[in-house]
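Order of writing sets the labels: A, B, C, D, E and F. Residues in every chain begin at 1.
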Amino acid sequence: MQNAQGGALAPPLAVEPFYLPAGDEVELFEQCHHNKLAVMLKGPTGCGKTRFVEHMAWKLGRPLVTISCHDDLTASDLIGRYLIRHDRTIWQDGPLTAAVRAGALCYLDEVVEARQDTVVVLHSLTDYRRTLSIDKTGEMLEAAPGFQLVVSYNPGYQRMLKDLKPSTRQRFVTLDFEFPPPDREAEIVVRESGIEPSQARALVELAHKLRGLQDRGLAEVPSTRLLVATAQLIGRGIPVRRACRVALIAPLSDDAALVGAMTDLVELTFP
Amino acid sequence: MQNAQGGALAPPLAVEPFYLPAGDEVELFEQCHHNKLAVMLKGPTGCGKTRFVEHMAWKLGRPLVTISCHDDLTASDLIGRYLIRHDRTIWQDGPLTAAVRAGALCYLDEVVEARQDTVVVLHSLTDYRRTLSIDKTGEMLEAAPGFQLVVSYNPGYQRMLKDLKPSTRQRFVTLDFEFPPPDREAEIVVRESGIEPSQARALVELAHKLRGLQDRGLAEVPSTRLLVATAQLIGRGIPVRRACRVALIAPLSDDAALVGAMTDLVELTFP
Amino acid sequence: MQNAQGGALAPPLAVEPFYLPAGDEVELFEQCHHNKLAVMLKGPTGCGKTRFVEHMAWKLGRPLVTISCHDDLTASDLIGRYLIRHDRTIWQDGPLTAAVRAGALCYLDEVVEARQDTVVVLHSLTDYRRTLSIDKTGEMLEAAPGFQLVVSYNPGYQRMLKDLKPSTRQRFVTLDFEFPPPDREAEIVVRESGIEPSQARALVELAHKLRGLQDRGLAEVPSTRLLVATAQLIGRGIPVRRACRVALIAPLSDDAALVGAMTDLVELTFP
Amino acid sequence: MQNAQGGALAPPLAVEPFYLPAGDEVELFEQCHHNKLAVMLKGPTGCGKTRFVEHMAWKLGRPLVTISCHDDLTASDLIGRYLIRHDRTIWQDGPLTAAVRAGALCYLDEVVEARQDTVVVLHSLTDYRRTLSIDKTGEMLEAAPGFQLVVSYNPGYQRMLKDLKPSTRQRFVTLDFEFPPPDREAEIVVRESGIEPSQARALVELAHKLRGLQDRGLAEVPSTRLLVATAQLIGRGIPVRRACRVALIAPLSDDAALVGAMTDLVELTFP
Amino acid sequence: MQNAQGGALAPPLAVEPFYLPAGDEVELFEQCHHNKLAVMLKGPTGCGKTRFVEHMAWKLGRPLVTISCHDDLTASDLIGRYLIRHDRTIWQDGPLTAAVRAGALCYLDEVVEARQDTVVVLHSLTDYRRTLSIDKTGEMLEAAPGFQLVVSYNPGYQRMLKDLKPSTRQRFVTLDFEFPPPDREAEIVVRESGIEPSQARALVELAHKLRGLQDRGLAEVPSTRLLVATAQLIGRGIPVRRACRVALIAPLSDDAALVGAMTDLVELTFP
Amino acid sequence: MQNAQGGALAPPLAVEPFYLPAGDEVELFEQCHHNKLAVMLKGPTGCGKTRFVEHMAWKLGRPLVTISCHDDLTASDLIGRYLIRHDRTIWQDGPLTAAVRAGALCYLDEVVEARQDTVVVLHSLTDYRRTLSIDKTGEMLEAAPGFQLVVSYNPGYQRMLKDLKPSTRQRFVTLDFEFPPPDREAEIVVRESGIEPSQARALVELAHKLRGLQDRGLAEVPSTRLLVATAQLIGRGIPVRRACRVALIAPLSDDAALVGAMTDLVELTFP
């Protein structure tokens, strides 16, 4: 039996990925890593969770394996499967198994989207056992040193019938993520779009007001990523209000009342 | 391992596809393209979204890959799968993967029809990463320059239990599409059917009245495409009222009251 | 890669199939054909829609491909699939693909029974594109001249949760079908069963009364086909009332009150 | 391509199967056969529908193919499928296809249990076309002379969400079946169990009373088959009341009140 | 085509399995066997149904095939399937087919757990036909002499949406099973655990009291099997009350009130 | 036919796994083992059930097979399946079959997560038969001496529609597990984290208070494992309150009121 793919994970990043820490999250993550504790990153869409994981993988010198979770992700997708070849059957490691063997950081993005039966295979990797049972080959794999499980979780909007089991939640040290404070958010917008700092600060101010609409029915508030997209269009010559319309407001809602309220806030900010 | 299909995408169109811009949508799309921002085209059926994408692909000199979304479209349909051959297994790129490799425009028509777990594979292609993770081969593919994701979305009629996740919506700059203004719509009808401009204008006037019935229960209003079909039958000698009946009214509703109201409007317009 | 089946469609019919036009449906269909417009035939069970399509295929000299729609009809069933052979994998066109290649009339019977995700593959064949995207082979097929899509739709009885999307409905010119007027219906009954014209007229008169019961709970009214079956039994010597009982009333309902009402009408008609 | 099975259907029965006609059902069935009309046998469990079909197959000299319908019966189960062999793929006819080729009677027992999408494949076999479209091979099969479709249907107990579509019901001449009249039922019981005619008549009298309980909640009334089983146990020396208990009452209900009422009737009949 | 497995069923048991008859069930079963009648064993968990079947198989000198029913048991699991081998496809009989060929007793344990579509394949084996239609091979198999179908059914606790169809129920002579009377139950406990007869009688007395709690919410009452397990722990030196706690009470409920009531009864019995 | 995997189970552990008994659970388990009784371990997440099983396997000198149960665990996953190789098909034992052959302890973790149809295959292994029926090979396997089935069950939080059938529950002697008493829990925290005993005792005191919040809506109370994780972070220099926040409170709830109440308790304990 041999592995179908060379299976070499991408090596750890050589260049430091841009990340501005908001508090003690880097230190906490490092201590979890050294204590072999799994970590959950909790916070809204587009607030920097993915970048933080890339940053920590670079800082800790570990390869990073990212898996986007969804309803159809099966345990086999994570662990691996047999492939039929001409004259033999070969086993192919899934991304989780590859990470366990290589001692990589394994990042499951939006873990709540995965089915519970898929999540359950993570359990034995998150306690003192640090093992992965590969039912199909009968192998009981011990995680290489440096392996760490990281998951992200966005509590911001309602999901029907979907939640992590409490017995799963308890297996993760939980770091809360928020949007960056205004100054740092403006700094990010300038860096990624090249617009004037004053315009960036006005955009961040607008975002702050829009985020206040969550109680009035906005399913999810605008992320830093939306601000950057808006700023990029502005930087390419699109009028400010028009850029806000297509890149900031329209992606947030189809509801006429909400769109109206948001348009008013745009016009207040950019009179 | 080799690709089962030659996999050569159709080259960019040599002839400009007919498209009459309604506003700044061409410029906005171009700026999104240059900023590597994904775009959502929002608007009713048959208002020209598909033609706009074909036009932009021609204008930007990119190949175009179109995918009609539906409930059974799996991540594997988008990304690719292994095929068994006599003496080996070969990997076949799906249309999304092919577009990512070729730097094509990839257009997902009626994206809201796709399952959320299928949509989620688009996420890493719509932020700064611009990567596609091909779980089954372990490949992490970076999008070629010029690759751009475009989706269409029709908010006009109610869907049960189906909507895009807010965290997906936020990943797309959103361009609103409406039916063309009367003059341009009449111009299109003349061009595609060859009927008299005065008749075309009367048809457009009728369409305008019919669109006003949406609040009275019409699930969807008549599209420009319906007007063209009606005009084509008129151009072939079918009496005007009869052509309106089979090509304009009957396709819109089975409800006797609504059909009656629509017939009255036809008779008012073509006394 | 080669086609598993010879794939030769049945050639166009040499003998004119019997069809008595009820109005301008033949001319309308011909004009739609020449304008490459898809057509929906709307009307109750057994009123002659299938025969009409066979007639038009003969008249237009096109091969005819008929597909009975149902809940489990997949896009692959329509488009085609790979079959594994001893030393290679071959592609087999589905009936829709075969019709697209051959420029045939493709008739989807009771299209509302199909799943929406199956119906959606028809979209690109019903607008100016006239293309069929074969995801599995990467082929983008242009419809041969003469290809035309025809669907049938029976609005007569309630379906739970099932209806065509408005954006699909708008893609079809819609021809309404009704039962033939009494004289023609009697003529058909005589021709197909050989009974006396007077008996045929009495049967048609009875059918007319039975169709009036729809408002009193009859799920579907008796078709011309039912009248023919009844007449055939009468022609073989079965007593008239007994033939009406087994071939006309019993197939329509199990409800005692409705069966009683229908029996009364039989006895009134054949005292 | 060759057929995996020799495919020879069992030849028509040489010995006349025992069947006592209750009315004109034999003549009606013969006339339907000669007019190529499909037939539905409607009546309660165990009243002789299966025997009647066997009898008619013998009388008409046709082979008989019986298919028990259920929720998981697919169109492929009826029509056929490809089987992979060492050096080729062969096509195997399903039982319906085999019957169509051989001009057999094809009996679908309890057709209402089948899924609608399976039933729909029968449609083209039940009208003037008499064809079966084999999608997977592209074959359009014409039914051999003598082919006739027969289905059974038990309206006796409630089914949730399950019923034949009216457009399917209309395709079958419908023969009603009831339990045989007392004398003939007693004759059958004697013939099949060998008990005394007086005991058989008492059992039939008891069955008549039990059938009167249907309005009081009995899901289904006792069949002739149950009477025969009871009589067989009596014939082997089991006390009459005990035989009624285990073979007649216990199979009908777990409900204490109903079981009590039935026991009272047994004790009244066999004091 | 050859059978993948040697397929030899285990021969009939040489040693009589221990079974204490409670009434006339042995005689009734024998008479059903001789009349080729299928039998249903109805009664609570752990009251000896499985042992009874083993006993009858030994007494009648027939092999025994046992099948545990569950939601995923398919008709193919019962009947058989094709297996692909290197140079041919072979047919493998399922356990039902093997029993039909060998004239074995075929015992379907907890038949109500099976899907209706799986149960329906039993129908033709339970009436005068005694045949099994093997759709996939086209074989119509007649049951060997001695073949008998036996099913078990536990009416003791509620099942949502699950019940046997009345038309299935009617196909089985039904034998009721209860727990053995106190003396015999104590005798069984002594025999299987080796504890003192007085202690066994006290345990049986306790069981009798616990069974009285069914009306107060106990989903299922303690079986003889539970008493034996409790007695075995007592026989190994575990204190009586502690043994009752872990082997008798805890397996029956998590509900604090019910556990309290049961504990009181234990303390009353073993003060 | 040969086994695809060497199939050698891991040999029994050579070093005693750390386990502090809380009562007579070790003796009870040993007696169940000698009486071949299956055992259920009932108690909250993270209270030491898994360690207890590892300890007992070591003490009894048996290999241990652990299976994490989930919704998609099929009977085939437990029992085994055929794998296709180049020139033959081989049978691969599943983990349950491997344990049955080797006389191992087989531990099904969180058995309530498994589907009932999967659980049902355990039945014949938990009564006097001690057999496993391998339907696919026709093998009836007797459990080797020393084989014992152990399952865990967490009654602490509500599950919709999921529970063990009473007839399954009755097959297991049930041992209750609780969190260890304060002194022993503190001893465990010290041993696994190296923090000061006084800090460990304060943490245990805090846990005791948090566990009192279950009646106020906490889905699951903090486990010993959470205390250890918190202590490990404290031991690496993270401030106590911050460590409690990320490792003790955040994993338990997203609810603002509950988080507030828990934070108050943290501040009370570590002022």
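Basically, a contact is a pair of C-beta atoms (placed from the backbone, for glycine too) under 8 Å apart; a residue touches a chain by one contact, two chains touch by 3 or more.
Just so it is clear, the structure is predicted and the values come from calculations on it, not from any experiment.
Any chain bridging chain D and chain E, meaning touching each of them, is missing here; the list is empty. Shared contact partners of chain A and chain E comprise F.
Under half of the residue numbers found at the chain A and chain F interface occur in both copies, marking it as a different-residue contact. With centres set at the average Cα position, the gap from chain E to chain F is 30 Å.
Separating the CA-averaged centres of chain C and chain F is a span of 60 Å.
Our note on geometry: chain A versus chain C, Cα centroid distance of 52 Å, whole angstroms.
Multi-chain contact residues of chain D (touching two or more other chains) are listed as 84, 86. Viewed as a contact network, the protein chains form a single closed ring in which every chain touches exactly two others. Against chain C, in their complex, chain D makes its touches with residues 24, 27-28, 31-32, 34-35, 37, 40, 42, 74-75, 82, 84, 86-89, 115-118, 120-121, 123-124, 127, 129, 133, 135, 137-138, 140, 155, 165-167, 169-176. Of all residues in chain C, those touching chain D in their complex are 5, 7, 10, 45-46, 50, 66-73, 77, 83-86, 94-95, 98, 109-110, 113, 154, 156-157, 219-220, 222-223, 225-226, 229, 232-233, 236-238, 242, 246-247, 250-252, 254.
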